[in-house]
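Same chain, two partners: chain A is paired with chain B first, then with chain C.
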Partner chain A sequence: MSQPLMVNRYRWYELIGIYAGILAFLTFILAPFVEGFLVSLKPLSQLFSSPYRFIPQNGSFEAYRTMWVSVPGFARYIFNSFFISTIVTAVVLMLVVPAAYAFARFKFRGSGHLLGAFLAVNMFSGAVLLIPLFRLMRSFGVLNTYFAIIVPGVAFLIPSAIWLLRTYMMRIPRELDEAAFVDGASHFYTLRRVILPIAMPGITVVAITTFIGSYAQQFIYALTFNSKTEYAPLPVGLFAYFGRQEVIWNELMAASFVGIAPAMIVIFFLQRYLVSGLTAGAVKQ
Partner chain B sequence: MSVQRSTVIFAWILLLPALFYVTVIVAYPLVDTFILSFTDASLKKTTKWVGWINYEKIFNATFAEVIIRTFVWTFFSVSIKMIIGVFGASMLNAAVPGRALFRVLTTPPWIVPMAIGIFMWGWMYNGQFGMISGVLQRVGFADGPIAFLAQGSTAFWATIITDVWIGVPLVTLYMLAAMQSIPQDLYEAAWTDGAGRFYRFRRITLPLLIPSLITMSMLSLIATFNSFDIIWILTRGGPSGETTTMIIDTYRTAIGSNKYGEGAARAVLICIFLSIFCLAYFRVTSRLSSGENR
Partner chain C sequence: MGQLNLNTVQKFYGTFEVLKGIDLEVKNGEFVVFVGPSGCGKSTLLRMIAGLDETSAGDILIDGKRVNDLPPVKRGIAMVFQSYALYPHMTVFENIAFPLRVEKMQEDKLKAKVENAARILHLDQRLQQKPGLLSGGQRQRVAIGRAIVREPKIFLFDEPLSNLDAALRADMRIELAKLHRQLKATMIYVTHDQVEAMTMADRIVVLNAGEIAQTGAPLELYHKPANMFVAGFIGNPKMNMLPVICKAVGATGVEIEFQGQTATIPVEGRAGLVGQPLTLGIRPEHIQFGAADLALAIAPSVIEHLGAHTVAYAAVNGEGENFCAMLPGSAAIRTEETVPVGLKAADCHLFDADGIALERRLELGDVDMGLLKAGGV
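Let's look at the complex of A and B:
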């Protein structure tokens, strides 16, 4: 960022207004997480007592221990989520990198329409197509396997990945391709040895956003196409804390935080790439 | 000539895998939905062609209600998302210390698996022991416990607020990016001419944001219209159907009661609405861009 300009200098009351606005905004965003964390510290008896108390009395991390006991398969759910998201990300990248390059570099008849058709996929959430997808998964014989969650997951992450990566690749100077081409390099060689290395930061951003998207959106496919607990991902697995009588809320919250911790750590380290990459893809040049 | 031809062939080779995948997993099911909607497909082995019967069944009394409810729900959710998003973006766009941290703190609802955020809200809405009801009673706004998800009117707004919460981060970051792409010299010129901060926001920021606002509203509209997880986890469409949107209704009919044919007809209707939104969007954007060129 450039140095603070005169135009950006705030008076004291403006500063107060801005910070108050940010505080209100972030309170809305973060309140559920704060409350969720406090719930995870409270003993169940205190949770189910009136009147409501915000701050836990003799709170402890007990729920973070008992959650593994009440739902022994929980580690498996985290593993499933990671495994599914990793495969989905890998498949999306394999499909999207060449496609994005084609859209970024080559103009051929119908390329605009084709790109539009890809983007139109975003219009239909999986929910609209569940019935035929269910029949399709059944005829592939992949119901109640990892593939039942992976296969539809990939399809609905392709459009935004193509869009993001295409935007990134369009900013790579065309002269590079042409120079390689003049030197007698084939198209494939140019893509593999010239474009891919330069596009790596963009590919990384797409990989991260795809991973997040997949990690966040496994619910509906897992709910509909898989009924085996051993393949259930985190969002469905958490329902194990919904007992017959009551929900074990403190353990549910503890498990939620444990479940998102690995993803949050990854994101924390990569967020610099993430925000810059997103904003680059979001705004038309 | 032949160089060009080989280039085109190369481009198609690059596109083919993704194209094939999307055709099988999205385009084919879309066609299949359309065909299914004219049959009585269910768990039975045989399916019969039934013509328009599924569509006639849809237009009974309750379904009109579902459609209207879906539109009202979507309208409020998208509007509130856009208002909070633009507000948040303009706050985060201010050059104040700590803004990098504030931007990161905006992302969690979007990054965390949706189900987890929804569980947290589900607990906060709890009438006996939840935070919102508890705080309202403490402050004196409520006399007794309010079970937000147990009554139709409050459940309707509760699901909207949760949907807003999940959608706001993306809107905020997108609008922030759009604000940052506005050339700084415009503000400096206006400032030199003595324009105040609010005047600059109204006369520079807002007009230049309009294309991004339209795009984001559109993306948000599609996502919200398709919103499933939030309502399903919080209320399953209840109490007594008062949060049942078209998606929930479709899911219930098709997957819940195994009436694939009737479900497919509902899905086709959703697709029609979505296509109308998209057409309207292209109309508006093309008019905007032609206006710019003049």
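Let's look at the complex of A and C:
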């Protein structure tokens, strides 16, 4: 069982090469995080010392306490980020699951063009459309609300979610739909009782990417469509650590780490549903 | 009741005619097998009866009612798919109960029905397991269970055994035949395997290129194939075809010439055959050692020893086509050694230039005539 497959056997120099490659890339990816974490441990005075030391001397978790004091609204920002992402994810899933099923299963006029259009929308970054969106929001009178941050978030996350889930659903054997149809089930009944449970790993992937996507992209919408502090999400809220004279770097870093914690926890729980092999036994492959 | 009528049923994909006007009547309680090579339209026909594919033209009637535009469940059919199509996240119980859940049947009635179906199919011990834990044969039985709980008028099977291994397939054939006797329901079964067709069917419908080549009881197709296609398709190994010339048509049959020998084949002749090239068909199992009404010398290139039989393949007339002879298991033959074999005129089939059979005057003393009557239910 623990014996590696023949195709997975490598010579010693191949192994060294592989691990060297992994190390090089991991360094690039993880170094900013490590440095960010080290900064959060240092007292502010040490940050600009010369020569620069990476390892903090008399480092402490003090910044993780003072960050709540210097920016009292910080908990609210975390909540906002979390709240916005959760709502965006929920709305996207509600819209995307039936849509992906339709795109995966039914032939209808223009389905190919629609999918192409979704892909094209994905190529525009939301930033390009900020000014038209701003005008739109203003005419609707929804600036400075959660709504203004959530709706564009949903709109820009739907296309990739549809593509992802459609591909997953296309892998579910069509005979399952046909069998349910022969047994008298309606399309919605089939979707609910048959397709949804089998597509759960795919839906989880979509939920995770949407949640992360929303977490990352809400910054630009919140910055443009919202000027009220109470609706500001985490990335905007972090600016509060930029004082008039100085930037409280250590607290900023600490706040960044604390801020992404809820998202990490959600993803950790969602990942449990990423069970592969759920379709085992459905059809003879 | 489960009477099915097809009236000139056609199917087009674009301009391509997949089914060219199928007429068929299936009686209540009959086990009918559609058989034919891949792409002959047999699965399409079944899916049209099921209501999964649309009918381009013609009528499908179940118990005298036109069902062309009805969804499957309103037609009173149930279907078993080649790939089982089980719901992997549901237990065997829930899989079988699925059609009843759709109907919103009461829990106690539902439970009784599912358990009854499970008993018939020997799945009692497996009800709480998921399909992933079952073997191929058990999965297929679950699929059949899902079909029988609804008590449909007509069962449709789309190559249900082709995913099973050979031993299991033989077992399931027997179980399906038993199930048919037990349920007394109309069953329509699609397969490309002529052994399945021969063993289970009351009546076989042989399809070729979107048309019915012949309809009849298994032994009728074996003894009296209507054309060269059916003759070649039914029977394993395939019937041998030899080119002959018609010399005379008489009261006792048709006299033919083959490699300088003449023989009178007991078939119904007709005018205008004399001098025409005909095709003589002889099944491998009807070839015997030594000369008979017609004699041949074969030098087998390949010999298969099956124990019960010895199958020899050889070229006749120096032609590349494999002439196949099924000889006794103990036959003393070697490759590349010429042996004389013969065929009896009474075993021969004759086909005209269009491949249509001249009807055999069969003396079937050893065949139960009842088995030859189609649809003897």
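Here is the rule we use: the second predicted complex is superposed on the first by the 260 of 285 C-alpha atoms of A that agree within 3 Å, B and C clash if a C-alpha of one lies under 4 Å from a C-alpha of the other, contacts with A are read in each partner's own complex, and residues count from 1 in each chain.
Criterion: a contact is a pair of C-beta atoms (placed from the backbone, for glycine too) under 8 Å apart; a residue touches a chain by one contact, two chains touch by 3 or more.
Keep in mind it's a predicted model, so treat the numbers as computed, not measured.
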| item | value |
| --- | --- |
| Which superposed partner A:249 touches (first chain B, second chain C, both, neither) | first |
| Which superposed partner A:121 touches (first chain B, second chain C, both, neither) | first |
| Larger contact residue set on chain A - chain B or chain C | B |
| Touched partner set for A:28, first chain B, second chain C, both or neither | first |
| Which of chain B and chain C A:185 touches, first, second, both or neither | second |
| First, second, both or neither for A:79, with chain B first and chain C second | neither |
| Chain B versus chain C as contact partner of A:61, first or second or both or neither | neither |
| Which of chain B and chain C A:198 touches, first, second, both or neither | second |
| Residues of chain A that lie at the interface with chain B and also at the interface with chain C | 278-279, 282-283 |
| Of all residues in chain B, those that touch chain A in their complex | 6-8, 10-15, 17-19, 21-22, 24-26, 28-30, 32-33, 36, 84, 87-88, 91-92, 94-96, 102-117, 119-121, 123-124, 128-131, 133-135, 137-138, 145, 165, 168-169, 173-174, 176-178, 180-181, 184, 187-188, 191, 197, 212, 219, 222-223, 226, 228-229, 247, 250-251, 254-255, 260, 263-264, 267, 270-271, 274-275, 278 |
| Complex interface listing, chain A residues touching chain C | 173, 175-176, 178-185, 189, 193-194, 197-198, 277-284 |
| Chain A to chain B touching residues, read off their complex | 1-2, 4-8, 10, 14-15, 18-19, 21-22, 25-26, 28-33, 35-36, 39, 47-54, 81, 94-96, 98-99, 101-103, 105-106, 108, 111, 114, 118, 120-125, 127-136, 151-152, 154-156, 158, 162, 187-188, 191, 212, 215-220, 224, 234-236, 238, 249, 252-253, 256, 259-260, 263-264, 267, 271, 275, 278-279, 282-283 |
| Parts of chain C lying in touch with chain A, wherever the complex brings them together | 50-52, 71-73, 77-79, 81-89, 98-99, 101-103, 130-134, 136, 139, 146, 150, 163 |
